[in-house]
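Chain nomenclature is as follows: A, B, C and D, assigned in order of appearance, with residue numbering initiated at 1 for each chain independently.
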Amino acid sequence: MFPAAFEYVRANSLQEALAALKEHGSDARVLAGGQSLIPAMRYRLAQPAVLVDINPIDGLSYIKEDGGVLKIGALTRHSDLEFSKLINEKYKFMADVAYVVADPIVRNRGTLCGAIAHNDPAADWTACALAARVNVIATSATGNRTIAIDDFLVDSFTNALKPGEIVTETVWPIPDATTSGSYLKIERKVGDYATAAAGVKTTLDARGNCTNTGIGMCAVGPQALRAKNAEKAIDGGPLTDERIKAAAEAAAKECDPGEDTRGSVAFKRDLIRVLVTRALTQTRERLEKKMGKTS
Amino acid sequence: MATEPTTLSFGQPVKRKEDGRFIQGRGNYLDDIVLPKMIYMALVRSPYGHAKINNIDTSAALKVPGVKAVITAKELAGAGLDWMPTLAQDKQMVLAGGKVLFQYQEVAAVFADTREAAADGVAAVQVDYEPLQAVTDPYKAMAKDAPILRDDREKKTNHIWHYEVGDQKTTADALSGAPVKIKQMIRFPRCHPSPLEPCGCIADFNGGTGRLTFYVTSQAPHAHRTVISLVSKVPESNIRVVSPDIGGGFGNKVPVYPGYVCAIVGSLTLGVPVKWVESRTENLASTHFARDYWMETEIGATKDGKVTALKVSTVADHGAFDGAANPTKYPAGLFGICTGSYDFPTAFVEVDGYYTNKAPGGIAYRCSFRVTEAAYCIERAMDILADELKMDPVDLRRKNFIPKEKFPYPSATGWTYDSGDYEKTLDKALQTIDYKNLLKEQAEKRKRGELSGIGVSTFTEIVGAGPAHNFDILGIKMFDSAEIRVHPTGSALVRTGTKAQGQGHETTWAQIVAEELGLDVQNVLVEEGDTDTAPYGLGTYASRSTAVAGAAIAVAARKIREKAKHLAAHLLEANPDDIEWADYKFRVKGSPDRTKTMQEVAFAAYTNMPDDIEPGLEGVTYYNPPNLTFPNGAYICAVDIDRGTGAVSVRRFVAIDDCGNIINPMIVEGQIHGGLAEGFAIAFMQEIEYDEDGNNRTTNFTEYLVPSSFETPRWEVGNTVTPSPHHPLGTKGIGESPNVGSPAAFANAVVDALSPLGVRHVDIPLTREKIWKILREKGVTG
Amino acid sequence: MKHPVKITVNGTETAADVEPRQVLAYYLRDSGFTSVHIGCDSTSCGACTVIVDGQAVKSCTMFAVQADGKNVTTIEGLAQGGKLHPLQDAFHNEHGLQCGYCTPGMILSSLALLQRNPNPSEEEIRHGLSGNMCRCTGYQNIVKAVQSAAKELKGQQQPVSHEPAVSAAAGE
Amino acid sequence: MKVHYEGSEKIPAPYDKVWEFMNTPDKVASCLPDVVSTDVKDVTHFTTVVKVGVGMVRGNFTFQVALEPNADAKQVSVNIHGSGLGSVVDQTAVATLKDEGDGTTTLDWACDATISGPVATVGGRVLDAQAKRIIEYVFTQVREKLTGTPATAPSGS
C-alpha cells in the first residue's frame, strides 16, 4: 500500500520545524518515529499535506537526570530506554514499559514523546506517564510551555498542543529510595495493541504508608485514564492485600473500555482488576527488595 | 572426469542446497522480477459485503497522472472474461458486475506507470453502491427467507452441494442401540494460510511472438497454464508459466485469482508487461480461506469403551464462490477420513456446502483436502467420549486403534489405509514426555488449585493425491512427473511437475537421485516451476510431492539404471543378466573387482555406446500412485492456565510422527516445527472474523495474528518409521501432519485443564477471553 | 515534488530523486537490493528489516528521504571478502530457514540482537526476534542458529559491516 | 462496524423555530464541522463535503443527506450516506422534538451508523470516539445556531 503524495520538510533545527508548522498550519504533521503515522499513511487513513521531519534535529535525543528530574528528549527512542542502564537500574516501571512497547524493531524508531503526543488509546507510555505524573514540555516560537500529563491528554488521538507547538521533552520525577512501581500489559502477541494495561507507582512514607500513588490504565477508554479512586484507596495506608484488592476493584469500576476484537467490556474491566492487583503486588515486592538493600 | 560418489545421502540430514541464495539475499521472488516497459496494476475493491453496483465512474481515475487504463466487468464481459472457473466446478467473478458478494471483492483494475500512480488511480475510481443485507452465517444462508446470493445460478438457493459417504442406516441403528453416546457440535473456524509473501504475478504478452509468459506465485504452474489457456483462449503452447522462488504457500497459492486474469487482460490489451502484487490486506481479505466447518459429531460406544459408530453432519461455509481446490469426486475433499486412527465398524459422514457474503475458498491450508477438519473433529470427539466414559483418553485411543495386523485396512468410509503401527507411535510419545510423571505432576498442581491440562492427539492423515481413478483437478488426473538427465560427466538434472515453497525439494529430490544412481548429491541439480521445461505435473500441496513426484523420480531413476546396466555390461564385456547393482556400482556377479560407476557408464552413454543402444542417459516418468499414503502421529501437550487472565502457557509439546521412510531427517524436523507453529496459531489466536454486515474484522497482521518467536512454544519432536508398502521409497509425506494433528492436542489440553470445572468442549481459537469467561462462569477468580 | 537523496548501501553510495512518499523498502528494492521483502502493510512482519546507522529498522516504515546521507546495510552486504557472516552460516547449518522470505530480515535482526547482547539466553533471543515473523520454521531452528552464531562470534568483535556500532543513546 | 450514539439538547427556543430549523437543509448543513462545500439539492436533500480530522486519520468525506420529517411524531430523520478514505458510512440520526411549553424545546437525538471498509476494519479504534464527538457537535450546533452562542469545532490534532 502506498501513501498519498505529500510535501516533505526536513527540519535541521527546532526553529526550522516551528517555522514550517507555522507556515502549513493544520495541514502539517510532525514526523518523529513515524511508527504509527507511516502505517496509517500507507493505508491512506492519514493523508497529511505536509510532513515536518524533526529527526535531523541535533540534541533532541537524551535520557538525563538534571535539576532533580529525569528528562527524556523528543527523539529518544523506545529502545534507548529499553537498553539504558539508568532506566533499568533506577526506573524499573519505565523499563517494564520499554520492554513491551510495540516490538523490538519498532522500538528502534518509535519515540516516547511521539507516543505520548499521538495519544493512542492503547499507548503504553501514556498510562505510565499518568502514573508517574509527568510534565510535557511544548515548545513554540514564543518559548516553552509545561503541561501536566493529565491536561495534555485531551481525547483519543488528541492532545493539548496549540497550533505551532511541538513536544520537545517529557519530565519525569526521580524515584527516591522508598518509591517504586510496575507496568503490566496483556497483549495477544508481541506488537499487538494492548487488550488492557496498567501502570502503578507509589512512595512509602516514614510510617510505611503509600503517598502520591499514581495508577494509569490504557486500552480501556478513549485514551489512557487515571484510576483516581484506586489511587485514593491506596494512599494513606500500607500495601496490604486487602487494600490492593480494594484499589484493583476501584480501578476496574472506573475504567471505560469498549468492545473490539481484543475483547468485551467485562473482560477488559476484569483484566484491569487483575493487572492492578499484580502491578501493586510487584511494586510491594520491589519496594521490599529496594529498601532491604538501602537500609 | 567422473569421481566416486562422496556423499551417499539418503536418510542423512543433508544441508539444504537452496539455502545459499536465500541467506545472501539472492532469492528470486515474484516481486524481484522487473521487465522492460513493465507497468503496475492495482485493484479497486468493495467496501461492502453485499451490495448492488449502480454505477462505476472511472473518469477521474483516468485523469490521474501515470494512469494508463481502467477496466471493469463491462470491458471483461466483451471478451467473455468477466467470470472464470474455480478449481471446484464453480465459477467466480473476475470483476464484479451487477453486485458485489463479499467485502474487498475485485471491482475494477487500474493500470499505471508506477505502483503509487496505480494506488492513486484506485482511490479516484467512484463506485455507487446500494447496500444489500449481508449473510455471513451459513445457518442464516440456509433459511427459507434468506436472500439468494448467487442469482447467476439456476438453482435459486444458497445451498451448493450435498456430499455423503458411509452407511447411513447401519450407522443410525448402531447409534440408537449404543449404550454410550456422545454428541457435540465442533466448529473449525475460518482461517487463512497467509504466507509471508503475498500472491502476485507478471503477465508479459509478446505481440511479436504471440506468446504469453506468465510469472506467478504458483504452487501448481501446469494447472495454472491449463486454466489460463481455457479462460484466455490463448493456445496452451503459447503460454509459459514461470513460478519463481515462493515465499510460502500453504495452499494459498494453488487457486487462480481474479487479479491474475486482470493482469493478463491488461498485458494483452496494452501490449506491455503488467505486474500485480497484492497487499497483505488483499491477501487476507480476498484470496482463498480455509476451514469454516461446523461439524455435528456423534459417537456410539460400548460401556467398556469400544467405539461402534461415528456420524458427522457438517455445514461448510464456502463464502461467495466455491473456491475449494478439491478433486471433482470429493466436494468435501477427503473429510471422510474422520474415522481417524480408530476401528469404527460403521460410519456415516455428510457435508452440505453453502454460499455466504464472505471471501471465497475452502482451500487446503497446509493439509490434504479437508483433512485438518477431519482429524480435529475425531480427536476432539474421542476426548469427549473419554470424559463420558470416565476413561483416560490414552486408554480409550489405544483400545480403539486399528491394530497393525489389520493393514492394509479398509475404513468404514471407503479408504484403504496403507500401513501404520499406532501403538508404537503412541508409546514413543508417552515415553518421551514421561506420561506417568506428567499425570502425577498434574495431580499435584490441581491439589494446589492450579489449572493444568494434558492433551493427546493420535491422528491419521491421508495424503499423496492421488490415484487417477479417484483424483483430478478440473478433470486433470492427479499424477505427477519427473524427468532426469544424466550428463556425460556424471552429474544430473532433475525436473518435476511439483513446485517447492520452502519444503526443500532441491535437496530432497537430489538425495533420491543420488541414492538411486549412486551420484554425488551435490552434482544433482533440481529444477521446478517453468512449464516450458518441466514435465506436466499437478504441483505441490496436500503433502503430495514426496508421495507422488518423489515416487516418479525414483521410477525414472530406475529406468535410467536399467539402461545403464546394459551400457555397463558393454563396458565390462559381460552379459547384462550377469550385471548387478550393488554398493552404488554395477558389478559382474561373482567378480566384485569388475565394476563400473554410474559416472563411468554415463560417460560411455555419450562417448562409447554400442550400436544397439541409443545414445544419451535420460529417464521420464509420469507416476500414477496406486493408493494414497496414510502418515500418522501421536502428539501430547501439557498446558497451564492463568486463573486471572485466562492465558494459556504451553509447558511441553511432544510430537512423534510416522511418515514412513525419511529421506532427510533435518528437513522433516523443520517441517514438523513449522506445522506445529501453525497449528498453535490456529488453536489459540487465528480466525478470519466477519461482523453481521459482512465487514472482515481481520484484514491485516495486527488483527489476524501470526505468533512470534516469543509466543511460540518449544517443540520436542521424534519419529517412528512404518514404510508405505506401495511407495517405491516407502515414504508417506510430512509437511502437513503437524498442522493437521496439533490443533486437537492443544484444544484437548486446555479442555482437560478446565475439566475439573465440568467443561467438556471449547471451540478454537482458545482466546484468553473465551477461557476467562468460562473461569468466571464457574466461579474461578484470579 | 521529488527530492534528491544519497544513501550509502552496503558501503556503496546510491543516489536518486525520490517522491517523499516512497518508503525506504521500495527505494532499496528499486535500487536492486531485492533482499528487502514486503510482507505486510502494518509494520508487523519485519521482512523488510535493514540496518540504518547501526539500528535495525523496518524499512517499510521509514521514508527514503529520511535515509538521505545515512548508511544502510542489507543482507547483500553481510558477507565480507567473499566469506559468509557467521549468522548466515548458522542459519544454513541449523536449518533456520525454509521459504527464505523472512530470512534477510531475521538475520539482520539477529545481528542487531547479538551486537547488544553477545551472549543471549533462549528467552532473550525469542524476545529480541519477536518483531520478525516466520511462517515456516516454528522459530526453534532460528533460535538454535542465533545461539550457535553467538558461540562462533564470541571473542571476535563483529561490527555491523560498514557502520559504527549501535548508537550511543542505547548505552546511556 | 456499527455504532450507536444518543443525546439530548435543551434548546431555549420555541418548538416551531426548532422544527423549521431541523427541516431546512442549509441550516442543518451549517451545523457540520469543517464543511468544505455544501450543495442543496431540494427542500429535503443536500450533499456536503466535510473535512474529517480524527487524530492522524484525516481526509474529506462526502455526505449525501436526506431529511425526513414526520410532523405527527414530531420527528426528523436525518439519513446520511457518506464516503471517503475508501470507506462508507450509512447512518440515520433521529431527532425527536418536545415542546416544553415554556418557550424552550428538548431535542432528543439517537444516531445509528454502520461503517464499512478500511476505516471500519483498520481505523475502527480511531473512529468510534471521534464519530461520537462529531455527531454530538452537530446537535450542540443546532442549539447554538438557534441561540446565537458560538461553538468551537472538535479539535482533531
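Please note the rule applied: a contact is a pair of C-beta atoms (placed from the backbone, for glycine too) under 8 Å apart; a residue touches a chain by one contact, two chains touch by 3 or more.
Small disclaimer: the values here were computed from a predicted structure and weren't measured.
Asker: Grab the C-alpha centre of each chain and report whichever is closest to the global C-alpha centre.
Answerer: Closest chain centre to the overall C-alpha centroid: B.
Asker: Please tell me the distance, in whole Å, between the geometric centres of chain A and chain B computed from their C-alpha atoms.
Answerer: 44
Asker: Please work out the Cα centroid separation of chain A and chain D, and write it as a whole number of Å.
Answerer: From the centre of chain A to the centre of chain D is 34 Å.
Asker: Between chain C and chain D, tell me the centre distance in angstrom, where each centre is the average of that chain's C-alpha atoms.
Answerer: Each chain's C-alpha centroid was found; their separation is 49 Å.
Asker: Quick one: chain A and chain C, Cα centre-to-centre, how many Å?
Answerer: Each chain reduced to its C-alpha mean, chain A and chain C end up 28 Å apart.
Asker: Can you pull out the residues of chain B that are in contact with at least two other chains?
Answerer: Each of 115-116, 123, 279, 281, 697-698, 700, 702-703, 706, 708, 710 in chain B touches at least two other chains.
Asker: Where in chain C do residues touch two or more other chains at once?
Answerer: 19, 21, 41-42, 44, 127, 129-132
Asker: Please list all residues of chain A that touch 2 or more other chains.
Answerer: As it turns out, chain A has residues touching two or more other chains at 1-2, 4-5, 43-44, 103, 190-191, 193.
Asker: If you go through all the chains, which pairs of them touch?
Answerer: Listed by label, chains in contact pair as A-B, A-C, A-D, B-C, B-D.
Asker: Quick check on the complex: what are the chain A residues that touch chain C?
Answerer: Chain A residues touching chain C: 1-8, 10, 31, 34-35, 38-39, 41-43, 51, 53, 55, 61-63, 76-77, 79-80, 83-87, 99, 102-106, 108-109, 190-191.
Asker: With touch defined as at the start, can you tell me which chain B residues reach chain D in the complex?
Answerer: 47-49, 103, 123, 129, 131, 281, 691, 693-700, 703
Asker: What residues on chain A touch chain B, complex-wise?
Answerer: Against chain B, chain A makes touches at 1-2, 4-5, 44, 103, 186, 188-193, 195, 261, 263-264, 267, 270-271, 274, 277-278.
Asker: Which residues, counting only chain D, touch chain A once they are in their complex?
Answerer: Within the complex, chain D touches chain A at residues 53-59, 85-86, 118-119, 122-126, 128-130, 133, 155-157.
Asker: In their complex, what parts of chain B are in touch with chain C?
Answerer: Those residues of chain B that touch chain C are 15-16, 18-29, 31-32, 115-116, 194-198, 245-248, 250, 279-281, 501-504, 666-667, 669-670, 672-678, 700-702, 706, 708-710, 712, 714-715.
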